[in-house]
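In the two complexes that follow, chain A is the common piece, with chain B as its partner first and chain C second.
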Partner chain A sequence: MIRTAVDLEVRKTRRMRVWALCLVMVVAVVVLAGMSLGSEATRAGFADPDARPWERLLLNHVMVAAMTSPILVAVLAGRQVDIEHQGQGWTLARTAGMGPGLLCRAKALVLGTALVSTVVAQCALLILAGTVAGIEPTPPLLLWGRYALCLTAVHLALMGLHLWLAARVDNQLVGLGVGLLGAFYAVFSLLMPSWVAYALPWGYYAAISPLRMEGGDRLIESQPDPVLFTLFLGGAAVLFLTACRRLDRAEGGPA
Partner chain B sequence: MIVSELAKLRRSSLWIVAVVLPVLAVTAGTLNYHGNQDVLSSGWGPYRSQAVLFYGLFFMSMGVAVLASAAWRMEHRGNNWNLLMTTPARPSAIVGAKIVSLALVVTAMQMVLLVLIGLTGTWVLGLEGAPPWEYVPVALLAVVAALPVAALQSLLSMLIRSFTAPVALGLLGCALGVATMLGGEGGVVSYLVPQALVTSASFLGNGAVSGSAEIDPSAVGAIVLSASALTGLLWWLSAFVLSRRDVG
Partner chain C sequence: MSHVITTEGLTKAYGSRTVVDSLDLRVPEGRVYGFLGPNGSGKSTTMKMLLSLVRPTRGEIRVLGRPMDRRTRHELTPLIGSLIESPPGYGHLTGRENMAIVRRMLGLSERRVERAVATVRLRDQMDKPVRAYSLGMKQRLGIAMALAREPRLLILDEPTNGLDPAGIEEIRALLVSLAGEGVTVMVSSHLLDEIDRMASVLGILGQGRLIFQGTREELFDRSAPDLIVETPEPERALASGLSAVRVREGLRLAGRDGGSTAALVRHLVHHDVPVHGLRRVERSLEEVFMDLTGREGLS
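Then we have the complex of A and B:
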């Protein structure tokens, strides 16, 4: 049954230009994060490994991803769920034997694939932009790869939350508003003490930063607290699956 | 019509975004200023810079995008579009009422921001003296600069039934706006991208951001002129599209 549901969701994504939305987001992130590549001050350090040009570009990526990702996730979840509210899709799917929970799981699989592609595209295009701009040292692929993996994991955890929210609350202003405020929280968590980043789910966009500034201008490697990060991801997965099961058991639509 | 638009908005949950966004901006700015007092110079200027840093860069325009989507959402629901089209009001009046009501909400948002900056600066951070009076005209200038964003997002939200798609396009606009303004090579183009105008107006006299202009008549005049022209153009375009196309 889940395969049929996923197949249907893939068809819906085509009609709703989900891939175009992802492309818009990729362009927005690459433009914002790669903006500094054109400045004279940044270009002066392209040949100097001590200036750590790749690490600075990666840090820009972290900041821009924290600022935009919560909105991207809210937009994708809201768009994919809103059609069910508008077109009585929950009832239609129920008559075909697919409960709202199953539908949400199928949406999570399809949107998850879209989000993974978005992260891969962002990272690849930024590394390409850095290379074309003339950064001479070797890019820190391992560091970037680890960040991409963590970013994907946080995307997926928050997507579960936003899918549930979009399914439960008919008014998509709520989900998008939460995403917007979450983006604010995520970007400011980068500037706050590290415990702030672990206090709310959106803060994990800052907690996964692979680099942080120390002593004003020195970049050092960093990583999220493994216990808290694992608990967050595990908790998000359990809560999403439990919520889906409850949606399947409830009578009528989820909202 | 404007009163009825405001009544519709009152029924939506949009006021939460309009209030919580400036509250978050000021809270984060206050914490950041307090935590970095050894790095930042003290006073109202650096504090305001921290409070409006990301707000002016990104979140104010995104907030307007969400508000515009919410303003048109009810028209796309049920048979409301048909009801709207059968009213004797001209298309320009329908679109104008939306833009004006959005401008009023943005004004309220700016006033909340201004009052909170004054209160937290005085009572929480204990900054010396009263907040500079220039902050009021700069906040109002940001409202003028937000008019083309409201008009553009209103047009997108009118054309696209989906609540979230116009917001995603607004995000792309923010990226272009920030790139043209802070890239330093935007020139005239930075006055043609609505989101760049919001950033320029919010950062007037802001020492924390490179490329921000001083508060002088030429900078203010350029923003007002550009905002008025863009708003007029987008208003006319929206009315034209509404009168020629069945977009419901």
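Then we have the complex of A and C:
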């Protein structure tokens, strides 16, 4: 059943501009994060491994991703669910034996694929931009790869939350508003003590940062608290699946 | 006569508010069953319960001879086409893409889908996005989605809503022809005129209760039309203790069935009232309906 539902979601994404939206976000992230590559001060450190040019670029990526990702996730989830509200899709699917929860799970899989592609594209293009700009040391692929994995995981956790919210609340401006506030919180968390980042789901965009500044200008490696991060991801998965089950059992549409 | 839908004491309550109360429906096979009632009388909720989209608070439903509930609905829904509330359709996709989704969703053949589209005469509009459709075209697409299953039972909730007279006539003819092919059609409306011209059996709902179920003729029999007593001396009749309204021909009396009409005649003769004629007022189905629903109105 889930295979059919996923296939249907792929068909529904036609003309939804999902990939165009993701592309715009990739370009925005690459341009904003890579903007410093053009500055003289930054270029001066391109040949010096101690200046850690790649790490600085990666930190820019973290900052810009925290700023944009909650909005992208909210927009994608809202649009993909809104078509069900507008087109009586919940009832149509129900009469074919597909509950709203199944539809939400299928949407999570389809949009999750788009988000994974977005993260991969962002990382690859930023590394390409750094190389083309002339950064000489070897890029820290392991560090970047770990960040990409964590970023994908946070994306998926928040995608679940936004899908549920969009299914429950007809007005998609609510989800978008939550995404905007989430973006503020994510950026704010980068500048605050680490416990702030663990207080709300959006803070995890900051908590997964592989680098942090210490003593003004010194970059040190960092990683999210493994217990809290695992609890967050596990909790998000369990909550999403439970919410989907409840949606399937609810009468009529989910809203 | 076998019944495709039967319900026993079907009830739906939300908290202390009962929206459908103890319905005993009998929808005969191969007929158009008109499900009538003013807005808010519980038609849509009843239809949703029949499709197992809403859980009944009490009562039983049998569809196509089998109990309809959450456990059995997966086996029964492929045999039922439905259109509940507004017609489904993804606005950003074309009619053809929407039908392709339905085809994939239900595992139908291309031939079935094409036949359904041809039946509702929407072939020429299939490459337009659904958001560019008129309401009538959306209704027809919704009906095509319901028909694509080649169902034994069609449950349509106000399918003519928003259609122009030509569109209504088209849907009416379609439903009658489907019933002619053996498909049982249950169609709801709050507009009596629409149902009157296509349904052979009527169910009338008022405030969640089934206040009538049967044929059109039985409906007229059930609600006795007013009686006109043609007399040149209505004052004498009124002075004799009759409760009536004066009209041009004489008197008009309500609520008189066969027995009480005979008693009335005896009473008039006994009081020496000259009676030139006695006849029933011709009533439209709408008046009968209004009578039964306690003048709740039709919209």
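The rule is short, and it goes like this: the second predicted complex is superposed on the first by the 255 of 255 C-alpha atoms of A that agree within 3 Å, B and C clash if a C-alpha of one lies under 4 Å from a C-alpha of the other, contacts with A are read in each partner's own complex, and residues count from 1 in each chain.
Operating definition for what follows: a residue touches a chain if its C-beta (ideal position, glycine included) is under 8 Å from a C-beta of that chain, and two chains touch if they have at least 3 such contacts.
Given the structure is predicted, the values throughout are model-derived calculations rather than measurements.
Participant: For A:Val27, using the defined touch cut-off, is the partner it touches chain B, chain C, both, or neither? Pick first, second, both or neither.
Facilitator: first
Participant: Of chain B and chain C, which one touches more residues of chain A?
Facilitator: Chain A has more residues touched by B than by the other partner.
Participant: Would you check which partner chain A:Gln88 touches, where first means chain B only, second means chain C only, and both and neither mean what they say?
Facilitator: Second partner only.
Participant: Counting only touches as set out at the top, which of chain B and chain C does A:Ser209 meet: first, second, both, neither?
Facilitator: neither
Participant: Look at A:Met16 in the shared chain and tell me whether it touches chain B only, chain C only, both, or neither; answer first, second, both or neither.
Facilitator: The answer is both, since A:Met16 touches chain B and chain C.
Participant: Is A:Ser69 contacted by the first partner chain B, the second partner chain C, both or neither?
Facilitator: Touch status of A:Ser69: no partner.
Participant: Identify the partner contact of A:Gln122: answer first if only chain B is touched, second if only chain C is, both if each is, neither if none is.
Facilitator: neither
Participant: By the touch definition at the top of the document, which applies to A:Thr42: first (chain B), second (chain C), both, or neither?
Facilitator: Once the two structures are laid over each other on A, A:Thr42 reaches no partner at all.
Participant: Just which bits of chain A does chain B share with chain C as contact spots?
Facilitator: In chain A, residues 16 are touched by chain B and also by chain C.
Participant: Could you list, by residue number, the parts of chain A that touch chain C in their complex?
Facilitator: Against chain C, the touching part of chain A is residues 4, 7-8, 11-12, 14-16, 83, 86-89, 91-98, 251-252.
Participant: Would you tell me which residues of chain C are touching chain A in their complex?
Facilitator: Going through chain C, the ones touching chain A are 48, 51, 53-55, 73-74, 77, 80, 82, 84-93, 97, 100-102, 104-106, 129-130, 145.
Participant: Quick check: in the complex, which residue numbers of chain B touch chain A?
Facilitator: 12-14, 16-17, 20-21, 24-25, 28, 31-32, 35, 39, 54, 58-59, 62-63, 66, 69-70, 73, 162-165, 167-169, 171-172, 174-176, 178-179, 182-185
Participant: Which residues, counting only chain A, touch chain B once they are in their complex?
Facilitator: Residues of chain A touching chain B: 16-17, 21, 24-25, 27-29, 31-32, 35, 38-39, 67-68, 71-72, 74-76, 78-79, 82, 171-174, 176-177, 180-181, 183-185, 187-188, 191-193, 216.
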